[in-house]
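Here the structure is laid out as structure tokens; the discussion comes afterwards.
The chains carry the letters A, B and C, assigned in the order they are written, with residues numbered from 1 in each.
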Amino acid sequence: MSILIQALISGILIGGVYALIGIGLTIIFGVMRVINFAHGDLLMLGMYATYYLFAAAHVDPFLSIVITTPLMFLCGAFLQKTIINRVLDALPQNQILLTIGLGLIMSNTIMLAFTSDYKILSTKYSSSSMHVGGISISSPLVISFAITAAITAALYWFLLKTDTGQAIRATAQDREAARLMGINVKRMSIIAFGLGSSLAATAGALISPTYYIFPQVGSVFTLKAFVITVLGGMGSVVGATLGGVLIGIAESVGGVYFGSGWKEVVVFVLFLLVLLFKPSGLLGKSRT
Amino acid sequence: MARYVRIALITLALGGLIVLPLYVESTYVLHMMILIFINVIVGSSWNILGGFTGQYSVGHAAYFGVGAYTTMILMQFKHVAPWWGVWAGTGVAVVTALIIGSICFRLRGPYFVLASIAVAEIFRVSALNLKNITNGAEGILVTEVPPLTVGKTLITDWASKVPFYFTGLIFMVMIIVVTALVRRSKLGYYFQAIREDQDAAHSLGINPTIYKNTALAISAVFTSLAGSLYGVYVGFIDPSTVLALDLSVQIVMICIIGGIGTIVGPVVGAALLVPLSEALRSNAITDALIKAGVVSAESKVGAFLKENLAHAHVLIYGILVVIVILFMPDGVIGFFRKFGARRRTA
Amino acid sequence: MAILEIRHVSKFFGGLAANSDVSFDVNEAEIVGLIGPNGAGKTTLFNCIVGYYPPSKGEIVFDGRRMNGLQPDKVCKLGMARTWQKVRPLTNLSVLDNVVVGALRRTSSMKEAREHAHEQLRVVGLDTKSSLSAGALPIGERKKLEVARVLATRPKMLLLDEVMGGLNPAESEEIIQLIMTIRTKGITQMVIEHDMKAIMRLSDRIVVLNSGEKLAEGKPKEIVENPQVIEAYLGAEE
């Protein structure tokens, strides 16, 4: 029983990070209707940036977010302006292939630059854990959950209370209407992609003390991000938040019941079930 | 292009391919041709589902792997000769396709793409975990391919590359013929109608489910043949090579880069990408650059290239896909066709 | 002889009744005009008839056969074909190939299908453009192409949804002539149209829908003098 509770708790904690990844992807889809297959690779870039800041300058991974997040925002914005913007009106299949290609460029450039060797970012607290009521919880996970919660709260504030945030939401709801209301939808797309990228990279930074770092690590997270956004409803930030936590739990608990080799399958089967029976997700708007 | 010219060219090409092993002794060239054949087969197979019918599966590795594993398991563990095993492989592939189709074809566009990826990943992880059947991550190694005899005559003992070359050539000719036949037939018209507008096609008397599954089944059969050939030829398979997402992506790329929806497109795509990646892998390009004096062997650039270009073929694929989608969405073939058309009107 | 019987058909979307207890018949070789203000439920009724979605209540009987819940391809096989309010050409195929797709409904021989397709293109006047890509046609010709395409399926009955929408008077006149030609082939037609003059010229009978319900049914002269119909049109936004 306590194994189950432990799995539940670590599932929730990692779910917070998953939520960040999902929120980033859902914002990109919501505003631009682009399915970003390079999302996991943006996360991977965040991981590498964090690793090298730590290795070269001893910057604590959690603190380095202050650098990585804005940096990746600019990267994402740049990508959108130069490349993604050109395919906004193309067939969705072509958009997917384009972002797949971009992802391959990212992961393989990193591989050329830094080799495929698995890197480990070890801090003093990487393997330490807290003990609460007989249950052992990984400390880095708790810290990243706390940071995630803070970032998510800030994001909600941004989307609900600021002009730009509301403009983004308007664009996500109805691009044409937003344009007619005077919103600069091109600028919103750039911001959305920048935002999505920085959230993915931040998630990468947050998990770098506890995950192996290697160039191909992105693809696993891309797929997970899609499961999360589809589960929560493509375009819904709240949905992605819930979806992230749910997937974290499903994976963790599934790993306990079916063995850790099968926990990916649990996630994918869940994905297919959602796609088949409720493709608009828990909270999503239905898309034509 | 005039019909007779086309027939003449095809006959010439086919004749050339048939006699090539007589004149070319280099095992390296034979190896590359076999890889090209395999790539043409998977690209053309995908084309039937993706190019003609408009269903972009990015999970075709599932059929490649199913073919490879069925043939290899039967050969290594049950001592069934591969020339029977490959057909068992196609049978399993069709069943797999119908199951996958019944799940995925309810979805459209990007959701279909995502579902196809998820399904293929389920296959890959299952192959990793079901160690009793597949040997898991250790993979299956070929210890011996039984000799092929007809009556008392030995046809081949599979020791050289030549029998694999001809097997690949035969399979490739098969898929190209099938593609050509399909395109001119009712099937082909219905496939393309579904691609253009599924609801309009539905209202014209076309049952989308039946035809999408038919396209998928044809596609799966030939992809699995390619997988079986690959397995027996290379001699070793594991989930990370024959069931990988990378492979699915590569299959799509061959078709997209060459020219989607055309018969010649996948051929061009394979003929471009395979030599390119082999050239990168073998450092041929780096050596050529050094010989041409563009880069000096001692310089930092030279050293970097020498060490790393070998691993860069996937990077090049990625760059090519981005370039093609941005600037040549109809692939290399489409680009030259448009170029030719513009010159004619000029 | 009624070829199509609509019996108490209702269609709900959530709480909204797009069609409410609609009943009328269409006789063989007739042209029935289906009119009503925007949002009256005309296209919804068409969609129910062709199986795009099933009616929530009621029955649709075509040629003696109950059609509720049949898929669109089966409906087409039974002889009922429709054109779309927003034209749906198979853009990357040629004009001829578009019609061949329709012709393949009735024959598996490619040769026969092509000949039949050419014939339909001649009927609508597009035969000279058969090798052009469908995407290259202007809107008027796209509408004609769509008619040729459904004619190729050898229908017993055609549902034409605003086939004159967006056309100039010359193009509309061509369509009117086309509809009359189709009638001479014995094909029954039900036509949704906003162009009142065209409807008056073409229809043997007219059915008026308003807010999902059948408001009136009868010969054109009767409908035009019906006070409820006049009120529905003057009272509603057009």
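Everything that follows uses one rule, which is that contacts are C-beta pairs under 8 Å (C-beta built on N, C-alpha and C of every residue); 3 or more make two chains touch, one makes a residue touch a chain.
Only a predicted model underlies this, so the values are computations on that prediction, with no experimental measurement involved.
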Exercise for the section: Could you name all chains that are in contact with chain A and with chain C at the same time? Expected result: B
Practice task
Name the two chains that are joined by the greatest number of C-beta pairs in contact.
Solution key: A-B
Exercise for the section: Could you pull out the chain whose C-alpha mean position is farthest off from that of chain A? Expected result: C
Practice task
Return the chain label for which the distance between chain Cα mean and whole-protein Cα mean is smallest.
Solution key: B
Fill in the blank from the handout: Rounded to the nearest Å, the gap separating the Cα centres of chain A and chain C is 49
Problem - Length of the line joining the C-alpha centres of chain A and chain B, rounded to whole Å - result: 32
Exercise for the section: Express in whole angstrom the distance between the two chain centres, defined as the mean CA positions of chain B and chain C. Expected result: 45
Practice task
Pull out every residue in chain A that's touching 2 or more other chains.
Solution key: none
Problem - Touch list for chain A against partner chain B, complex - result: 35, 83, 86-87, 90, 92-98, 100-105, 108-109, 111-112, 219, 223, 226-227, 230, 259, 261-262, 264-265, 268-269, 271-272, 275-276, 279
Handout entry: Touching residues (chain side chain C, partner chain B) in the complex
Key = 50, 52, 71-73, 75-77, 81-82, 84, 88-93, 97, 100-102, 104-105, 108, 110, 113, 149-150, 153
Exercise for the section: Sort out for me which residues of chain B touch chain C in the complex. Expected result: 184-186, 189-190, 192-193, 196-197, 199-208
Completion exercise
chain A partner, complex, touching residues on chain B are 56, 58, 103, 106-107, 109-111, 113-115, 117-119, 121-122, 125-126, 128-129, 245, 249, 252-253, 256, 308, 311-312, 314-315, 317-322, 325-326, 329
